[in-house]
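We call the chains A, B, C and D, going by the order they appear; numbering starts again at 1 in every chain.
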Amino acid sequence: MRLARLDARRITLDLQPDDLLRAYRLMLRARLLDERLAELRAQGHAIGGAVCRGHEAAQVGCVEPLRVGLDYILPYYRDLAAMLAVGMPVEAIFLNQLSRATDPISGGRMRPAQWNSRALRVVSASGLVATQTLHAAGIALAAQLRHEGAVALTFFGEGATSEGDFHEALNFAGLHHLPVIFVCENNGIALSTPQTAQMPVAHVADRAAAYGMPGVIVDGSDVLAVLATAREAFARARAGQGPTLIEVIIPRLSGSGDDADPRDPVEGLRAYLLSRGDMTPAADASLRAELRAAQEAALAAALDAPLPDPQTVRDHLFAPGSAPTEDERKGG
Amino acid sequence: MAEQTMIQALRAGLRDEMARDERVVLLGEDIGVAGGIFSATQGLRREFGAARVWDMPLSENGIVGISVGAALGGLRPVAEIQFADYLFAALGQIANEAAKLRYRSRGAWTCPIVVRAPYGGGGGGPDHTQSVEAFFAHIPGLKVVIPATPADIKGLIKAAIRDDDPVIFLEPKRLYHEPVGAVPDDDYIVPLGVATVRRAGTAASVITYGAMVVESLAAADLLADDGIAIEVVDVRTLQPLDFATIAASVHKTNRAIVFHEDVRFGGFGAELAAFISEVCFADLAGPVLRIGALSLPTPASPELENAVLPNAQTLITAVRHLTAQ
Amino acid sequence: MRLARLDARRITLDLQPDDLLRAYRLMLRARLLDERLAELRAQGHAIGGAVCRGHEAAQVGCVEPLRVGLDYILPYYRDLAAMLAVGMPVEAIFLNQLSRATDPISGGRMRPAQWNSRALRVVSASGLVATQTLHAAGIALAAQLRHEGAVALTFFGEGATSEGDFHEALNFAGLHHLPVIFVCENNGIALSTPQTAQMPVAHVADRAAAYGMPGVIVDGSDVLAVLATAREAFARARAGQGPTLIEVIIPRLSGSGDDADPRDPVEGLRAYLLSRGDMTPAADASLRAELRAAQEAALAAALDAPLPDPQTVRDHLFAPGSAPTEDERKGG
Amino acid sequence: MAEQTMIQALRAGLRDEMARDERVVLLGEDIGVAGGIFSATQGLRREFGAARVWDMPLSENGIVGISVGAALGGLRPVAEIQFADYLFAALGQIANEAAKLRYRSRGAWTCPIVVRAPYGGGGGGPDHTQSVEAFFAHIPGLKVVIPATPADIKGLIKAAIRDDDPVIFLEPKRLYHEPVGAVPDDDYIVPLGVATVRRAGTAASVITYGAMVVESLAAADLLADDGIAIEVVDVRTLQPLDFATIAASVHKTNRAIVFHEDVRFGGFGAELAAFISEVCFADLAGPVLRIGALSLPTPASPELENAVLPNAQTLITAVRHLTAQ
């Protein structure tokens, strides 16, 4: 049944085995890295971060149509798979998780998983939920005015939609038909607060109508469904037809490690690839081994990397050459 | 008397007031079933029911605005904001509504709310460690409280809840779980607006509050070994401020150091130093020194955070410098 | 046509001539006072305020089901007719417009038209749009918890709905089925900004669905239509069925003084009353004369009232007996 | 040189920068067709088109957050907030986002926005006359500018727009329409971070900014009649602050009065007084006095507003008191 749905989608989207394998590889890489990061945290090696498990299809599917380096991404802390998919190196993520001096994301200035990459146009994330939705609208405004052809893609949880920022962002984006895509990764809970204590509507997407934009609900177990939805949203944005609100329903997976959960997006695609013969069990095993080896090498390098240097703490408060701060003047 | 941590004493104070006055309701993110991310409200929903402890939607401005409304409707809301940094988003409701309701209506309407939030250093990075007291202390119509001991947090939260005006209650989160301290079991109140001398001394007055009280006492121990006896004044309530206790201490020691973990430039320490410099002008044997964080966001990694925030050692250096003059 | 609609409504609502005359009197009183206040402003006698013209039916209709002294009103600056309808004296309004010491609304502390009356449960309004929507939700929460049977009724313009406060208030009210009624007086413009530059949807009421509550659009020319809508909303709130969002479409009247505009709510009801013989032209004329005379008497008294006393400026910052402020301690 | 009001000079500065750099866009409520409620942007939409001057939906937090995004996307947004009091509602986006973007991303992303707002007394009541500079000057990562003359508002707005970091630009609204002053016609820049001595004197240094500069100069005239020559230092940029110019003045006069219209308690004057008291300790012949508003909301009626806000007369009294010591 699930496999049949994937099959139908594959045909509609005209995807080749290589496309499917690429998606699988991206999701699997995120899953393995996510598990490794959780281990590090459990061992007390690292000071924070968030679990991506179950969110892989939502993220990998949504970034598929993105033109890396042109389109902007405004992620939140769960978006590990999205980061890997657009090209953030595993090394960077370990350095970030371990707060090393050479972490290109924040060099230990932010807690882990507040993503950032200028080259990839991943906008530096704060620790505050929902604020980035307004930034996404503003970036889309700039893109529209500059005729740059860029799209802003932003992610957030269903809890974040209770903030006023969300309302203000969607209102403005809808009003001016801005090229922005709002993706809600709805996992049904915000810390301890279930969606039923957060909002009186069944679906975040039900709110899209209030902002004059389409709201689409899509199954986060099914990467091809997400991909199809994202392609439509990108096409709309690029055609000047305005924003889309995508609500991806994240499957609540059973306890970690139980890869046999049929709603698991990684496991689902794996079963499909195996069933079609696009991937053999041996190829799967060797892919896992390859990803794990690369991961361990990156981790080893990160563990060797230096801790942040207190001498650098004043860097980048203001533009170089800007008026000095009190402390700089006083040398204090 | 029980030996308790600050978080335990806080919980006891909240529980007391909820039992005493059924108008007291708690509103916040994850405070009900989960008992709060720092466990301040653990068990209270079970004890008092869901109608007294509300798991609110994720919106700090909303939590404060709804609390203001609930107070207008006759309740005594205590709002928890998960980190003080999130209070910036609620400042519209706090500064323009809560703080001004009584004044603008000439007493027809009042706003007895408490807004509680953990604040300060201890590893959260630029937007999870900010000290925000200077903002609130500057807004007429608010009271601002910062406890530094288990006994005080109990006594002050109870006084804050009973106060008929809005109180911003800032909790130094790195002290939540240690040290422990003796906390009176009974209905213990610490009145707002009264500072306390935590340690008597003669060499210099250290005017401080929050987590820096603990650092000051540690510094006092070390300096005592060298025969330097500093006096440590815990301000406790920033607004209204207990000018008299502070001035009396400086009058005695003739030297003052103002010490907080907030950014120094424009911090509440500026008010303290300006006030002392003016009122104690004739007493002062040297300038009033100020210790605070560098004018930077506070980075998350311990190496960098320590380079930005002050500590006992920063104070010791300043005391030696001042007393050598 | 318009008269026929009023007629049908009157029958459905089972309104007697006296009911209609009362509504007319309330709207007319507001209209005459509004015009007088505008004159005072034009003459430089007064320091601010807002025009109510055209909003009379919206306000008079909405407060009709309200139980004065039990239910709460959270108005905005346009709600002159609502204030009069719930019993605020004309004297108070002149004293307020002239910022006199004896103004019971704010005694010159706020600019005019920031309504307030504890006895009438009119909550002191700030000068900031939309903040009161959250207060209304909070009051409704208190009313629900205290089993008080009170309803919170709040008014605002369509511009105010762009603020995050509006979103947060409606979300919370819808979530907990609170007894609150949100009334948007949609006059199509916010200062200079038309609704089309404010939001991408045709109707504010279209947003109600996003908050799990009914959204009702009603014609602000027709006081009976508004009244019918308000009665339903109050009935829902009192029955524990939760909030309602009412959008009253305020007619854009032609230049002031042109009472013959058929969409004018005051003129419309007047024409109906005359057509049915419920009111004679002579009775109308004498009503106007009576209202004008009362108004002039109140104005004369207000003009004689003292200006605020600087000695009182420190009163009511905190509760009596509370710790003194810096200035009080220093006598400074 | 043209004789202009502040609002005219401001408009000229905005126009200049829009003509010079097409990335400069204006965002605000009613700034387009209507030209702004104080007419700062009048004519600019007609001249530069609707794509450069945006009538924004009614949401201050949204205006700032969208401006932050537009800056991330390569524009140079100048946001107008109709009254500075509304900035409280936008503080989340300003303090946690705009101010920290460069630092937290180690320079990968920057936030070159200007947030303009009229502020201060002149008859708006508790939520339309607040002075808000102390809040922003205390936030690392922001620059804070307050012009007091037509020439300065032009030169400073141009410098602010060209600055690569977020600038909070606060305009004393009661000076918008008078006095007029000479304004250079050409591409005139006043660099950020530089104070200026508006009037030289010897009896005492008055450290001030905004509308109180005008009050100080009026006081200086009256005091000069009595042979008391005060020096008036216009701070102009609160962050970064020009410590050197201020200290040099106090070093010369040996007496200092800090003067602003904001509430005194916890105001920016506390920073100025604390700094002067410390750095100029040996120079001071008397305590640094502070003049500011009473710790109250500012009422709307002129009788009450005048009882709360300071003016030239308040300064004269303080100068006489200080110079008599």
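The rule we apply is simple: a contact is a pair of C-beta atoms (placed from the backbone, for glycine too) under 8 Å apart; a residue touches a chain by one contact, two chains touch by 3 or more.
From a predicted model like this one, the values you see are computed outputs, not experimental measurements.
*Asks:* So which chain is farthest from subunit C, going by the mean of the CA atoms in each chain?
*Replies:* A
*Asks:* Count the touching C-beta pairs: is A-B or B-C ahead?
*Replies:* B-C
*Asks:* When the C-alpha atoms of subunit B and subunit D are each averaged to a single point, how far apart are the two points in Å?
*Replies:* 30
*Asks:* Compute the distance, rounded to whole Å, between the mean C-alpha positions of subunit C and subunit D.
*Replies:* 37
*Asks:* Using CA atom averages as chain centres, what separation in Å is found between subunit B and subunit C?
*Replies:* 41
*Asks:* Would you give the residues of subunit B that are in contact with at least 2 other chains, written as numbers and ranges?
*Replies:* In subunit B, the residues touching two or more other chains are 57, 59, 61-62, 85-86, 89, 92, 96, 100, 103-104, 125-127, 140-141, 241, 265, 294-297.
*Asks:* Can you list the subunit A residues in contact with two or more other chains?
*Replies:* 106, 109-110, 114, 126, 128, 162-165, 168, 171, 175, 197-199, 317, 325-326
*Asks:* Can you check the complex and tell me which residues of subunit B touch subunit A?
*Replies:* That would be residues 29-30, 33-34, 37, 55, 57-59, 61-62, 85-86, 89, 123-128, 264-265, 294-297, 299-301, 303-304, 306-308 of subunit B.
*Asks:* For a test of understanding, state which residues of subunit C touch subunit A in their complex under the given definition.
*Replies:* Within the complex, subunit C touches subunit A at residues 162-168, 171, 174-175, 197-201, 206-207, 209-213.
*Asks:* Show me the residue ranges of subunit D that touch subunit A in the complex, using the header's touch definition.
*Replies:* 25, 51, 56-57, 59, 61-62, 65-75, 77, 92-93, 96-97, 100-110, 140-141, 143, 163-165, 192-193, 237, 240-241, 243
*Asks:* Could you please specify the touching residues of subunit B with respect to subunit D in the complex?
*Replies:* By the definition above, subunit B touches subunit D via 61, 85-86, 88-89, 91-92, 94-96, 99-100, 103-104, 125-127, 130, 134-135, 137-138, 140-141, 239, 241, 263, 265-271, 273-275, 277-279, 281, 284, 286-290, 294-297.
*Asks:* Which bits of subunit A are touching subunit B when the two form their complex?
*Replies:* These residues of subunit A touch subunit B: 47-48, 99, 106, 108-111, 114, 126-130, 159-160, 162-164, 190-193, 197-199, 307-310, 312-314, 317, 325-327, 332.
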